[in-house]
Each structure stands twice: as C-alpha cells, then as structure tokens.
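Okay, got some structures for you below.
Here chain A shows up in two complexes: once beside chain B, once beside chain C.
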Partner chain A sequence: MGVTAAMEWLGSCSGCEIAFLNIGEDLVPLITETLDLVHAPLLMDHKYFGQCGEGVTLEIPDAVIGIVTGGVNNREHLTVLRQMRKKCRLLIALGTCATHGGIPALMNGQDQQASWQAIFKTVSTDPGAEIPEVEVPPPLDRVYACDEKVKIDMQLPGCPPNPELIAELLVAIVEGRSPVLPGKSVCDTCPARREGRSVVGKVKRFIENVEFDPGEPVSGMRCLLEQGFMCMGPVTAGGCNGGEGVPACISARVPCRGCFGPVRKNGNQLLDMMNGLASNGIDFKSVVDRRSILRFSGAHGRLRPLKKRVAKE
Partner chain B sequence: MDFEPKIIVFCCNWCSYAAADLAGINRMQYPHNVWIIRLMCSGMVHPEFIMDALSQGADGVMVLGCHLGECHYRDGNYRALDRSDMVVELLEDFGYEQERFHLAWISSQEADKFVEVVSGMVNRIKKLGPAGG
Partner chain C sequence: MGRVLNIAPVSRIEGHAKIAIHLDDDGNVAETFLHVQSLRGFEKFIEGRPAEEVPRIVNRICGICPWMHHLASNKAVDGAFGVTPTPVGYKLREMCQVMAHISDKILHFFFLAAPDFVLGPDADYSVRNVMGLVKAAPELARQVVRMRQLGQKMLEGFAGRAIHPVAGVVGGFAKPMIEEERKELLCGARELLDFSRYALDFAITDVFAKYMDAFSDLGGIKTGFLGMVDREDGSLRLYDGKLRLMKHDASFVDFEGDDYTEYLAEHVVPWGYSKMVYAKSWDEGFDMTLTAPRGIYRANTLARINVCDKISTPGAQAALEEFRSLFGRPAQQTLLYHYARLIELIYSCERTIEILEWPEITGSDVRAKVVPKAGRGVGLVEAPRGTLIHDYTTDENGCITSANMIVGTTHNIAPMNMSVKRAASALIKNGVYSEGILNQVEMAVRAYDP
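Let's turn to the complex of A and B:
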C-alpha cells in the first residue's frame, strides 16, 4: 500500500476535488499504489463520528499527507482544519480558497452583519426569516486562508488547480524530492505579442471583442492588456497551463481573471495591478469595481469593509 | 495620554533628504513623530511600501521628492505623482483615510518648507487618530 493521505474540504465548491479526479490516467496508480486514501469526505465513505455515528468526538485517521481545500469560514471549518493539522505530518493547502481566500473571501469586502441581513431578511426573502443560529456552525468574523489559522507546509493555488500540478506535487512528495511547480506570472508564460505600450489609454470593459485572427495561434494575437482589456496576467501566478503552453484563459482569447492568486506569497493583486496601470500611463480610474481585482485573494486582511467617512464639521 | 502618531517619511536622496539634513543643521524645531527613510528617488516608492507601512503600525506616510522638472533622474517624481493619485484612491479600498498619505516637493534648500510640511502632516494625523483604530 502507498503513503496514507487524508483529504478534507472546508469552505469550498469541490472544484479542487474534481481537478484531483481529473488527473486522468495517472489517477489510477496514484490512488491505488502511490497513495492510500484513508479519509476524504467528498470521495469516499469515511465519517467523522464513526461509521454508524457511534463516536462522540470528531475523528480523522492519522495520515502522512493531508490535503485541505477551501478557506476557513466558520467554526466547523476551524475545528476540522485543526484536527487535520494534528493528524497529518505534511499539510497541503490545495486551491486558491485554501491559499489566498478565493471567491468566498469576497465577503470580507463588506460588512458581515449587513450581508447577513441582506441575505436573510430583505423583502425578497420569506417573511419572518431569521438569521439561523442553531444547527449551523457560527461564522468567523471574516473568511480566512488556511495558513492564517494553522501551519501549512505546501501550497498549490488555482481555481481549480491544474491536475498535472496536483499529480506532480503528490508524486514528488512520495518520491522525496521537491516538486517542480511554476513560479512565474501568467504573463511570463503567455505567448501573446507584446509591443510595450497600450493602444488605448484606458481599460475597456469586456463587452467589446478582442481583436484576433481565429486562424492564427495565440502568439499572433496582440497582448490583451495592450489592447485595453483588464488582463490580470502581470499580477497572477502562472501554472493554469500545467507549466507549459498557453495560459488557460488566454488560449480562449479571454483576459486572465487572476485565479491563481498573487505571484509572490505576500503579493497584493489590487495594488500591483493598479501600480502597473498607473506607471504605464493607463487611466486607473477607468477600471470598474477595482476592489473585485482581489476576487481571488481577499483573505490575509487584504479585502476589508469600506470605512464610512465621517462627515466633516 | 495624548496620541503621538508615527509617520514614515520617504525622502529622496537629492532634494528632500538634504532639506531634512539642512533643517537639522539649522537647528530648526519639528515634531519628533517622523521616521525618515532615505531613498534614491521618490519614484521608487512602490505603493506596497506605503500600504505595508500603514498595515504595520504607521499612522501616516509621506513621500517627499524634488520639485517637478528637477528630478535627479529626470522623471522619477512624475512617476511618484502618477502613483500618488492612485495611492490616494486605493487607501480607502484598504480601509485607511485619504489624509494618511501626503506627497510634497521640497528642494534641498527648503528646510523651512520641510518643517512646515512635516508639522502640518503631524497635526492632521493627530486630529485623525491612529490608523486602523
């Protein structure tokens, strides 16, 4: 049997698990020979409180490799994450939610109480709706990335992460070598033609079409950012193409959305993107809803509710 | 106890740092709340420096450079100017008041202007209160 591994999902959409299952042919030897999955709520039947519910404490079996996906949004996630840390020797944060907050962390950008009110108590909801308090784990004050709560040994971002990279990471760990993961930005791996200046001095909205010749490969297309589209390639970690080839969104002739999070661990996508625009003479005010640039990296206190301005006397 | 703000001042080597130096040589009085960091040019202040300073306990950040057109590197301070508009806008996104950032041009002989600008900033931040509070 292989190395024991436990998978756990916190506040996530199961896209990372689907990416894991999407490894393809290599998946079969990976889960039959290389790894020995002992716990994975989404993929196999292993329950927290004993198989028939006879247990009283949350139990996750000991494992060498632990894989967590999703951010920490409520108390339950926190308990499960801490349990995973206790039981696994090596803990991997898989996917952008686990590494940088991901989509759920967009919630950090607005007042939490106001959000609950809007979700449960506005006119469009059933009359008498209450914010649930029983049988639902209480939310934390904001959405956290895993490494804000426990020590994380390895990270692989992506929404979803590239299946090839997941396989590479796991195989490398079992073989005892360091994994070969891309460390460059999306721009560094993008073949689009760059001429060094923007065509228009401002950012276009994506209701206009990108100019390209469908018969030509991406290398014949002008850089999308230079065409004036809000491509987040410069501030986003590469890897969506599995290390080589055209970045996933660019290959569909669509600007990068920034799903792999910042290039450096502590990077700030919003700040870096705005700095890039401002230093290159593009009007940063033409960016609509710029805070949503942090749509994938809103944890670590990056995205905060707007402060209400106190009226001057 | 009165609130004593901590203000990080990025000074360029050629003009504003020399002005701060001159203010010291002339024994001019200015508030002790400023921490001066010397850089080669105001154009090299990445917005991340400013946000990092604020998030790690500074209550205000100033960038002081040469007068426009007098940059030692020709256009460094124009870059600082382009960025400062953006920084001021973005401060609110990250939960800080716009007044916490200030950009000014000070030549190497304007020790009095340095004292005036710095004292003005300290007074404004004192009224504003601590960052993140």
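Let's turn to the complex of A and C:
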C-alpha cells in the first residue's frame, strides 16, 4: 500500500487537479502504488458526512500527505482547510491561489458586498434577485492564501503548477528526501536574447504580437521587456517549464503575467516590477492598470479596495 | 419533517456542489436540492482591466475548460474593439478549442463517469474510481491516460500551455503554426481519432448495452435544448455559429449570440450561488416542477446533438444517424449525455484534422490590427458543459466597464436539480437507502458533467 494522501480544493478552478492528472504515464503508478488516496473529491467518492450523508460534522480521513488547492474565500473553505490541517501530517499548498491568493484574490481590490449585489442584478437576471444566503457558505471578508489561516508545511505555486514538479514533490516526500524545485525567476530561465536597455521608454499594451521569426527558437527572439512589452519574468518565480526549457507563455510568444507568484520569498510583485521597469528605462506610469500586476498575489493583505475619493465641490 | 441526507461533496464532478435530500416522516423524498457552493466574482473584478488582458484572467474561471473562457473572452473583446480576426487566426483558435474538447471528453467519460459502469454503481467507494479502474482494466486505463495526455501535450507543444492558455489574442492568435508543428499535430490527431472510434465502440458494447435499459429512466426529465449550429446548414458547431433553442416537441428558434438577453434569462434562488438560466422567450416563466416544468431547457453534449441538423464530419455523422435511429430527436434520457459526449469526441478529432489539412493553416497573418476603443462585444463558444457567453462593455481606453457571463454549467443547474429529485424520489422509498442508491442519484448529476 502507498502512503495515504488526501486532496481538497477550496476556492479553486480545478486547474491544479488537471495539472496533477497531466503528470502523464507516471500518474498511474503514482495514484495506485506510491500514494493511497483516501479523500479526493475530483477522483473518488469519500464523503464529508459519511457515505450515506447522515453525519453532522465534516470529516476527512487521516492521511500522511494533504494537498490543498485554491484560496480561502468562504466559511466552508475554512472548515475544510482546518480539517485537512488536523488530519494530515504534512500539508501542501498547491497552486498560486493556495500560496498567494491567485486570480480570485483580485476580489480583494473590490468592495465585496457591492460586487456581489451587482452580480445578482445584471442584464440577464430576474428582477428582484438577492444574494443567496440559504445553505450556501457565507463569504469571508476577503480572499486568503492558505498559510494565512493554518500552518502550511510546503508550498508549490503555479497557475497551474507544473505537472513534473508536482510529481517530484510527492515522490520526494514519499522517498523521504528534499524535493528538487526551481528557485530561479522566469527571466533567469528564459532563453530570449537580451541586448541591454529597452527600445522604448513606455510599456506597450499587448494589442500587437511580439516580434519574432516563427522558424527560429525562442533564443532567437529579443527579450519581450526590451521589445517594450510588460513581461513579469524578472519578478516571477520560475518553474512553469518544469525547470528546463522555455517558460510556458514565452514559448507561445506571449509575455509573462506572473502566475507563479513572486520569486523572492515574501516579495511584492508590484513593487519589484516597478523597480524592474525603472532599471530598464521604462516609465512605470505608462502601465495601464498597475494594480493588475498583483493579479496573482493579492492575498496577504497586498491588494485592498481603493479608497473612495471624496467628491469635491 | 424527517432527516436530511447530505451528499457532500458531490464527487467525480469538476465543480463544487452538494446534494441535500430531505425525507419526510415516512422516509420518502419530500424535497431535494443541488446546492452550488462557490462564488468568486469574476464579472466584477475584471472591471477596469484593459480588455485585451481579460482573456488571460477569465480562463481561471475553469481549469478544466480554460480554452473555452479564453476564447469566448477573446471573441467578446474582438466585438467590443470592432476587430475581425484574420482567417488564419480564426482557424488556429478554433483548432485549439476543438482539441481542448478532446481531452475534456476523455477525462469525463473515462476518469470520472466510467467507474460507475465498469466497477458498478454499487461497488465500494474505495474502488469505484479511476484507481479501481486501473486494477480492473489495466490496459484500458493505461490507454486512456496516454490518450488524454497526448491531447494535452499537443496543445501545450503548439500553444505553450494546455491549462490556462494565453495564445488566443484579441484580433487572432499570438503565433503562426509552422509546417513541422502541423505535421506533428496531424499525426497526434489521427491517433486520437482512432481512439475516439474505439471509445464509442467500447461504450456501446460494454456500457450502454449493459446499463441503458436498467438506467433508462435514471434522472429522466423532459425539457428543451440549447446549442450552437452552423449559420448556413444547421450542422453541429463548437467555436462559432448561431444558437438554436429547441422545445421538447422539436420546434425551435435560431438566434445570434448578441441577442441572448431576448431569449434567455437567469433565475436566482436563495439556496445556491449559481444562477439558473431559462428560456425567457417561451414566455412561460421558470418552474422546476417535474410534471410541468416551465422555461427549462438543457445544454451540453446531449443538447448539441439534439439541436443540430447534422454533423459535418463523416465519422460523427454516422454515429449521429445511429443515435437518432435509436433514440429519436430530441432524445431525453439523461444518461444519453455520455453517448452524445462520445459522438462529439469523434467530431472534435475529425474537425481538428480538417483544420490541420486546410492549406492556409500555416499562414503568417495570424493577428489583425487592434485599436482599443469603446464598444460592446458578446463572445460565444460551446464549452463542453454548454453554451458559454461573455458580454463586455469597454470605455474609450479599451478598459472593461461592465461584464456579464453565462457559463456552460449554469444552463443545466435547474435540469440537474430536477434529475436529482426524479432519481432520489424513484430510488428512496420508506426510509430505505444505501450508499449504492445515493451514488445512483449522483450518477444522474454526473451525466451532466457539471
């Protein structure tokens, strides 16, 4: 029998779970021999309240390894996360939502109550609709990363995380060794050609394609930041390419938007990127929607609603 | 009032939900609810963002169908900016979209649904899953894992990412396809087509033959259907076309996505975060009563297979003809969603090959000129789970001022509630229920692939 493992998803999109399934041929031995899954809503039918749903308290079985994806947005997420912490010896936060808030933490930049009211009053909703409140978990005041609520033993960011790294992490734990995970930035693993300073002083919006020769590998393409596009490679943790090869978005000839979170531990992608732009001779005021630089790392209190301006007479 | 059975979480589905079955004092079903537990607020937090960035934000609505959100969003931004993608850009987007359907269907049928059929609905939960499938049918399981992986690797190899893609851009696509890539993709697509034929044969002989009669009425309800069809010939379309809303008597209206608010509306209930879309244009309101539903239609595979006049590719057309000869049009049995899913799997493979064989697919003109501006755009695609609608308005700087989205699964929230009620009422009598019975109630939901 393998090592017992429990998987849970909180405020997530299932992309991390799909990345897990994308481990490929090694997936079969991983889920049938290396690990013994005791709870994983996407893949198996273990239930919180007993298999016939008669229980009153939410229970997850004991497991050596716990894997949590998604951020903490509502009361149920909190209950599930606490239960996972209680039952799992080693708790892993998997994916950028769990580690840094991810895209759903963009909500932290909004007035939550007003937003939710608006969501239930749109051009297509029936008149008079209200925010649902019966038998649905009430929201927390904002979106939290998992380590803001419970102790997390290991973190593997990524939106989604790279499948090879997920496998490496799990196998390393089972083998009792330290996992080999990348520590460099996207920029440090990117083969695009750097020549020095940017060709333009302003950031271009991505409304035109980057310049490159499709027949040539990425190493023949000039650095996207130097081409004048906003590329968050310098401040973003690498790993999207599994540690080797071209960063994922760059291989699609599209600039990085920071989906693995900050490369520096406790780094702030917004401030770090401003510095990065300045040192490249790019005016950061030319960035439309600067707060969006925190689009993957808005938990930990980084992204907050803008204070409403007081109207002047 | 008797006890409440909470089936939570609903498992082997791709979203977050629970089923509550309320029993009366005699142990019979009084009421049932499929509660959707999750709300994140995408429609609001994309406000203020430059619209061209939004397709790579909203893909995070769903990690299983990120290409669908990515491309519906790109189409909406095209519309708001008044841009028409270049023909090559259009085709590259379509190819990625139909390819994404391939892995999705393999995932759903074999990883999530098949354990109920191969291991049996009453098998213990510890083996009634993909791990159990590996032990019971190791060759099949290995093949399935490999084929799903092949589809994902093809997308990743060409477009950089399979999950949360970025290669679709307003005006078209971020990079052209080179001949080498085309050849490799074609080779993979042909292998997937072989597998898709095998998958349908396997399902017909080993699954449907065994279970269709026993389960012909599981979660059965009578509804209308919504899906996309070709503007000219009414054939099945996934990336672009007009919408067709069919009543249960097979009469239908066709309309353009831009006009969706005239035909569809969303009902809100206090007990679930998901809105329930219904047919506003039928002028009968919204009612989930099993015997006399009002405004209720279904989306997703069975709906598309029902509303289309034909399928433009040969293998899928042959399968459609056989399906219609057996079940008529529109077919109503809920478990037929699985059958329809495998017909669409064949179509997706055949369509991928068709696009790859289009002589101009390696053309270099992949992106039209884009100028951000004020406007409104409605972008639609058929996601695996149903018609996906993104509706954006932008300001003069090309930033989002308001957004409305109707996502695939929401069309089926009301029908799933009805199927749960139907299945639970039929299976649970006088307080007698078991794990196997409750799993059958879940199977009625699982068919919809929510």
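Simple rule for what comes next: the second predicted complex is superposed on the first by the 302 of 313 C-alpha atoms of A that agree within 3 Å, B and C clash if a C-alpha of one lies under 4 Å from a C-alpha of the other, contacts with A are read in each partner's own complex, and residues count from 1 in each chain.
The working rule: contacts are C-beta pairs under 8 Å (C-beta built on N, C-alpha and C of every residue); 3 or more make two chains touch, one makes a residue touch a chain.
All values derive from a computational prediction rather than experimental measurement.
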item	value
Touching partner for A:L21 - first (chain B), second (chain C), both, neither	second
Contacts of A:M107 with chain B and chain C, given as first, second, both or neither	second
Touched partner set for A:G53, first chain B, second chain C, both or neither	second
Partner chain in contact with A:D272 - chain B first, chain C second, else both or neither	first
Which superposed partner A:F120 touches (first chain B, second chain C, both, neither)	second
Overlap of the chain B and chain C footprints on chain A, listed as residue numbers	none
In the complex, chain A residues that touch chain C	9, 11-19, 21-22, 24-25, 27-28, 31-32, 37, 41-49, 51-55, 58, 73-74, 76, 102-104, 106-107, 109-110, 112, 115-116, 118-120, 122-126, 129-130, 132-137, 139, 159-160, 205-210, 212, 214-215, 248-254, 257, 259, 288-289, 292, 295
Residues on chain C engaged by chain A in the complex (per definition of touch)	3-16, 20-21, 33, 35-41, 43-46, 48-50, 52-53, 56-57, 60-64, 66, 107, 111-112, 125-126, 128-131, 134-135, 141-142, 145-146, 148-149, 152-153, 156, 159-167, 169-171, 174-176, 178, 260-261, 264-273, 275, 277, 286, 364, 366-367, 369-372, 391, 397-399, 404, 406, 433-435, 438-439, 442
For the chain B and chain A complex, residues of the former touching the latter	46-48, 51, 55, 79, 82-83, 85-86, 89-90, 92-97
Interfacial residue positions of chain A with respect to chain B in the complex	268, 270-272, 274-275, 277-279, 281, 284-285, 290-291, 301-302, 304-307, 309
